[in-house]
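Mind having a look at this structure? Questions to follow.
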Amino acid sequence: MAARGWEERCDVDAMTRDMMSQGMMPMAGMESMDMAVMQACMDACSACEQACTVCSGQGMADGTMMSCATMCMNCADMCNTMMRAMMRPMGMSMPSMMAMLDACAAMCRACMDECMKHAEMSEVCRMCADSCRACMQACMAMKEAVAAMA
Amino acid sequence: MAARGWEERCDVDAMTRDMMSQGMMPMAGMESMDMAVMQACMDACSACEQACTVCSGQGMADGTMMSCATMCMNCADMCNTMMRAMMRPMGMSMPSMMAMLDACAAMCRACMDECMKHAEMSEVCRMCADSCRACMQACMAMKEAVAAMA
Amino acid sequence: MAARGWEERCDVDAMTRDMMSQGMMPMAGMESMDMAVMQACMDACSACEQACTVCSGQGMADGTMMSCATMCMNCADMCNTMMRAMMRPMGMSMPSMMAMLDACAAMCRACMDECMKHAEMSEVCRMCADSCRACMQACMAMKEAVAAMA
Amino acid sequence: MAARGWEERCDVDAMTRDMMSQGMMPMAGMESMDMAVMQACMDACSACEQACTVCSGQGMADGTMMSCATMCMNCADMCNTMMRAMMRPMGMSMPSMMAMLDACAAMCRACMDECMKHAEMSEVCRMCADSCRACMQACMAMKEAVAAMA
């Protein structure tokens, strides 16, 4: 059922085809984009925002993890901003897309590095680090796909 | 694989059990919460944020849908705020949780009503209205579950 | 200089008059709104988001303040969502505006109560509690102003 | 009065000195940072988020400005994420700070270029373009200041 997809996540491929069929053009060149790569990147951003939000709010009693919590807050915000930007491609330019993918990957790397330090003592941190790594890789793959369009 | 869950969405049940096992308490009374209801509500908020974000950026050529776009922006923000608050239950009080669930349901209703006006001419609007309805219902179910804890 | 206002904050009165002069109507009844009250509420939301963001990231070494940090994250998100909604009044209904003002006031109260517990040991917490109180009061004043329009 | 600053904006200089006096270190090297530059950048991000939020919701009746609205939504999100990251410097690494400043500047440039196209017909667009330019310049100045620390 079509509506089902929306209950879980948006279907960027259907969305982009629908927009194009109505003569609306997202970012120049995007018609030749590999939509599966963009879908994977949006999903990874969404998952990483969620993992970082939970991780930021877990509140270790010994206070050793405050820089982890703060990294996670910044990473959750960047991932949400990145996800939304891909969902509104009419509002992006090629340079802003490339620079934001770099920024999201850099933020995910920093957060992953920090969370990995606590992976032994916190299962939430370990899972958060996994989400950060997946999101960083998805942003780099998306960047390659965008560059290939140019 | 446990980490897989994080790639899609966070597992609030595992998270809450993990926090409680470490002596951390989320919102008072939450230990008796029906976690499946909260999980469903977080998922519905995430889906509704995504649908509204896409819908806000679809850009109808005839300009008839501007109040739809603006409703969708407000609804996307409210759903994201709601989702995050449920993922950080240590940072909520009972009254703030109840009032935010009301607010999210009211915003989803307003956005659903607006998107339904355009459902005939836009498949994206129709799907967005479906997501808004699902999120509104999930917030009301969550509110009942929270009230039952008190 | 007109542009100066934008560098600090938006001028909701000018904005609303400009929109109405072009035949666009925000939320029904808003033409009789006391714009100074709405401006004060937007400013208070912006200030509270900033104070809560700083407070959430200050990272007490002894870990005693984790529920404070988590409250602040939730409060920052709610204040940002509230501020944006007032800046996009075409995308609000009367019930969603009223419910969101309630939610923002409730979240600010919870955060203020938590931050007040730490006001002795942290000047940042004391100032954050002040911002939360100001925002809560501004939301209640705004709610009265909206109710008076109906 | 100290609290007054919080009602308008946060005082990053006071905040950073306060954190350092308690032995907390933000991003490595930040003790030598020119705080006035960072304060100016945070203020510019806040102003640009507000201008873009208003501009995204103004709803031109003729539909010519949809890509402007969508650019503004993306720019508002990026500016908010950037502002928050500077307010939580414990949660940033040098590479993530640099990459996010690049991304924010790029997004502001794209939005400025788009809004300038409509500056003749919309005073809101003209003011939004001004805010985008100021924010872009503030991000570039901040990047120089961060690079000078290294």
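Letters A, B, C and D name the chains as they come in the text, with residue numbers starting at 1 for each one.
We take it that contacts are C-beta pairs under 8 Å (C-beta built on N, C-alpha and C of every residue); 3 or more make two chains touch, one makes a residue touch a chain.
Predicted model, so just to flag it, every value in this text is computed and none were measured.
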Each chain counted as touching subunit A and subunit D at once: B, C
Chain located farthest away, centre of subunit D as origin (C-alpha): B
Angle (degrees, nearest 5) of the CA superposition of subunit A onto subunit B: 180
Chain pair showing more contacts of the two, B-C and A-C: B-C
Euclidean distance of C-alpha centroids - subunit B vs subunit C, Å: 20
Centre distance in Å when subunit A and subunit C are each reduced to the mean of their C-alpha atoms: 28
Residues of subunit A whose C-beta touches two or more other chains: 56-57, 59, 61, 66-67, 69-70, 73, 80, 84, 88, 90-91
Subunit D partner contacts - residues on subunit B that touch it in the complex: 56-57, 59-64, 66-67, 69-70, 73
Subunit A contact footprint on subunit D (complex, rising order): 66-67, 69-75, 77-78, 80-81, 84-85, 88, 90-93, 95-96, 98-100, 102-103, 105-107, 109-110, 113
Footprint of subunit B on subunit A - complex, ascending: 2-3, 6-10, 15, 18-19, 22-24, 43-44, 46-47, 50-51, 53-54, 56-59, 61, 76, 80, 83-84, 87-91, 123-124, 126-128, 130-131, 134
